[in-house]
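As structure tokens, here come the structures.
In the two complexes that follow, chain A is the common piece, with chain B as its partner first and chain C second.
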Partner chain A sequence: MIRSLFHKIFLSIALFLSTFAVVTAQHDEHGHAEGEAKKEFNVGEMIMHHIKDDHGWEFAHGLTLPLPVILYTQDRGLEVFSSSRFAHESTYNGYVKEHNHIYRAGAGGEPDKSVKVYDFSITKNVASLLLSAVILLLVFFSVRNGYEKNKGKAPKGLQSFLEPIILFVRDEVAKPNIGPKYERYLPFLLTLFFFILVNNLLGLLPGGANLTGNIAVTMTLAVITFLIVNLSGNKHYWAHLFKPTGVPVALLPIMIPVEIVGVFMKPFSLMVRLFANITAGHIIILSLLGLIFIANNLGGEGMGWGVSWLVVIFSLFMNLIELLVAFLQAFIFTLLSSMYIGSAIEDHHEPDHGVGYEGPAAH
Partner chain B sequence: MEDKNPKDDPEFRNKLDEGVRKTNAFAQYSSLGFQMLGTIGLGVWGGVKLDEWQGNEKPLWTIVLSLVAIGASLYLFIRGLPKP
Partner chain C sequence: MDLLIPDIGLLFWMVVVFGLLFFILTKFAWKPITQSLKEREADIQSALDMAERTRAEMAKLQSDNQKLLAEARAERDAIIRSANETRDRIVGEAQVKAGEEAKRIMEQTREALQSERTAMIAQVKREVVGLSLEIAEKVLRKELSDKKSQEELVKNMVAEARLN
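Here is the complex of A and B:
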């Protein structure tokens, strides 16, 4: 139901925007005739600026937290300076910033792409990652201390808030899908769940970084899952990959590559789903907010105000959906990771082709 | 008062298991689409690269590998369906 609603909303937004696209195009011609009175507002640029990584953390227009830029080049070694050096002009100390990438400046100040610049900067996403690590450590050390203090007694405070979630991951995610050896993988699954959850929620805050909507971050998470699945795979798992039963020998040259591709596609789907869901949510909210500015550009201030109440309602609704998605995506990533681990370590070899699905009642 | 865990009630347990089963199936379906997409994408990309590398005039590898990848994606899709 939510999905069809989602589709309807998305469709209506898309239609709404596409009508404006035509109007803007016409407006452009007029604009040139009148001489450019005001600066053109570009929705796409605004959205990309918000969902992409950046040197320096911009909370609001004019309120930017400068972050360290750390560069390494072969000839000049390690260099560290503040990202605020790039705030007013794009060149500093022989470096040029262009489209969020830092290059060595050429003779005329243009980027010289032949010099390899290794950029280890603490960017907005890295800062957000460190912040989330601090939050997670503080929260879970407090939970740990709670168990020490309230030993044998009812949980208190943060501990009582998180205990049901931890037990949910253990009892409904890890146990049914991994089986009797679930305890080994529980630390990983819990870390995964709370890391994704906290970063999804941080990304929803105004001015927050879009960490889980960065494909490199989701790729790292998926690669960790991939390594754990394949390093703990037992002989049934590998036999299934390279010696599938009931397959004619003539078909093996095709089947083995297909199976291997399938192994890589599982973490790939984990990576793309988290990235796509979070990024899509951000884009929808940002394009809704962009409608106010488009209306303002088209029909003047009155139209901007007229549209804004509708936009506020829609974006409020989208924010609620995003809140749901934040939990859902953390849960699904954890659930699928545990299913993949479970299918790699299950003892009995059933002809279920390694899907490893067993009803929770099986255990 | 009797201290009873609702999870020990068989009826409640069955309902819970049913819910968990449905959620798991939903999670699996949601990843199948991306898996198909990835498989076909990999096949086409590999075909294009091979054609570039061999300098073929007719993109034979692209055609063959994309068709093979579609077949493979269907195979992996059917295999990945949750068991009833």
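Here is the complex of A and C:
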């Protein structure tokens, strides 16, 4: 009982915080949108530049790591060149880069949008994704080796640091929400949790990419969860969708579409939650930092310095919250995924209608 | 709005990298890690069970010992008691027997004495009779040596006889 109560509180705090974060982000965005029109320094542009993907990895102004651009067009096939080719002029090799998109260059150097260019470049986000994959592999291979080396002994080092987290995912997320068949889904949940966590944390580093705040990434994760949920759904799950018990026949034309929408809403909410939370966090921190430059533009250098110490305090605070959110969002994504899986493979299905499955102890 | 449109390139790399990561981590990290965790938990559980079992066994052993001790004590007491009883009984029986024997011997002695005495009395009687007869004979012989005394005697005797 206490455990499930703790879960409820934890979850509600998390959901509350996430809405708060989004709302604040929107306020900030609007607040700056008014000011930016008059200024030379465009905060919105700066923020969007940091949040969005890029073909090179810019750590600081002028310090850019060039990354390979990989393009596929039907007429010219696969082409690979360095992103530094676009550093000085926007056209190279018949391609033109405009607003981070690469198009076929037209006759006058204008982007020719009629030619479809498939951009498989190793962008900043892809590079960060590969980096996180390498980190995850190194870390968990070392943990695995720890288990082999310290067999029958107490865990040591990295192994003992990560073991509680692995056990947390297993005992607090997978076991109570999925039930006795949790072991089948545990590898996916662990990968999901640590992937989101590592990328959230990497995104918080200065110069880090906003990978988990990218809709393509969260969409992939949500679609994988969607596939797992629906491919492992048992007959109770489908019966609940299409033949709900205890529902008057007259309501079925309403209930069935609602249930079907619910099936798609679940992964959609997963996708948007993670994307919005992480992006919002980045936007807040960047807006706070942008305040310094706005103040500088408004009231001269003194004003900029005066505001900066306040900004440091606020952004420190925001960074700490983001650190919490990094763990929280990894936890929530994994928890909700395991709840959806649990409700799909549950044997005695009780209609929960979005309340969520709390495990037999809660009933 | 640009932020909400997924990039085909990133989508592709994400599917590839996450998929590979999932399979590699599952095969080489999660499976061995969860397996070792499970093994360790089973080890700990079995060790705890073993300790519990040993404790129960110890307690049982101790109570068994106690029981054995109590039994031995009770047996010892019973043996001593029965020995005491046997001793008392034997002593009692012996006393009774001795008493009876003594009584029997006394009786025999008494009987022997009695018969001896009667025999002696008879003997004495016989001898007294013989002696008296001899004395009487001698007295008679002396008395009847003269005529007068003979007649006197007869007279006396007749007188006596008449009186009778």
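Rule of thumb we're sticking to: the second predicted complex is superposed on the first by the 312 of 363 C-alpha atoms of A that agree within 3 Å, B and C clash if a C-alpha of one lies under 4 Å from a C-alpha of the other, contacts with A are read in each partner's own complex, and residues count from 1 in each chain.
In this text, a residue touches a chain if its C-beta (ideal position, glycine included) is under 8 Å from a C-beta of that chain, and two chains touch if they have at least 3 such contacts.
None of these values were measured; they are calculated from a predicted model.
With both structures placed on the common chain, the touch criterion links A:Phe140 to chain C but leaves chain B unconnected. After overlaying the two complexes on the shared chain, residue contacts for A:Val263 are found with neither chain B nor chain C. Using the contact criterion defined above for the overlaid structures, shared-chain residue A:Met339 touches chain B, although it does not reach chain C.
When the two complexes are superposed, the chain touching more residues of chain A, out of chain B and chain C, is C. Once chain A of one complex is fitted onto chain A of the other, the partner contacts of A:Ile215 are limited to chain C, with no touch recorded for chain B. By the touch criterion defined above, A:Leu130 lies against chain C but remains apart from chain B after alignment on the C-alpha atoms of chain A. Judged by the touch definition given at the top, the superposed model places A:Val307 against neither chain B nor chain C.
In the superposition on chain A, A:Pro176 makes contact with chain B only, not with chain C.
Overlap of the chain B and chain C contact sets on chain A: empty, with no shared residue. Within the complex, the chain A residues that touch chain B are 172, 176-177, 254, 258, 261-262, 264-266, 268-270, 272-273, 332, 335-336, 339, 352-355, 357, 359-361. Against chain A, in their complex, chain B makes its touches with residues 16-17, 20-21, 23-24, 27-28, 30-35, 37-39, 42, 68, 72, 75-76, 79-83.
In the complex of the two chains, the chain C residues touching chain A come out as 2-15, 17-18, 20-22, 24-26, 28-34, 36-37, 40, 43. On the side of chain A, the complex with chain C involves touching residues 48, 51-53, 70, 99, 118-123, 125-126, 129-130, 133, 136-137, 140-141, 143-144, 147-148, 151-152, 163, 166-167, 170, 183, 186-188, 190-191, 195, 214-217, 219-221, 224, 279.
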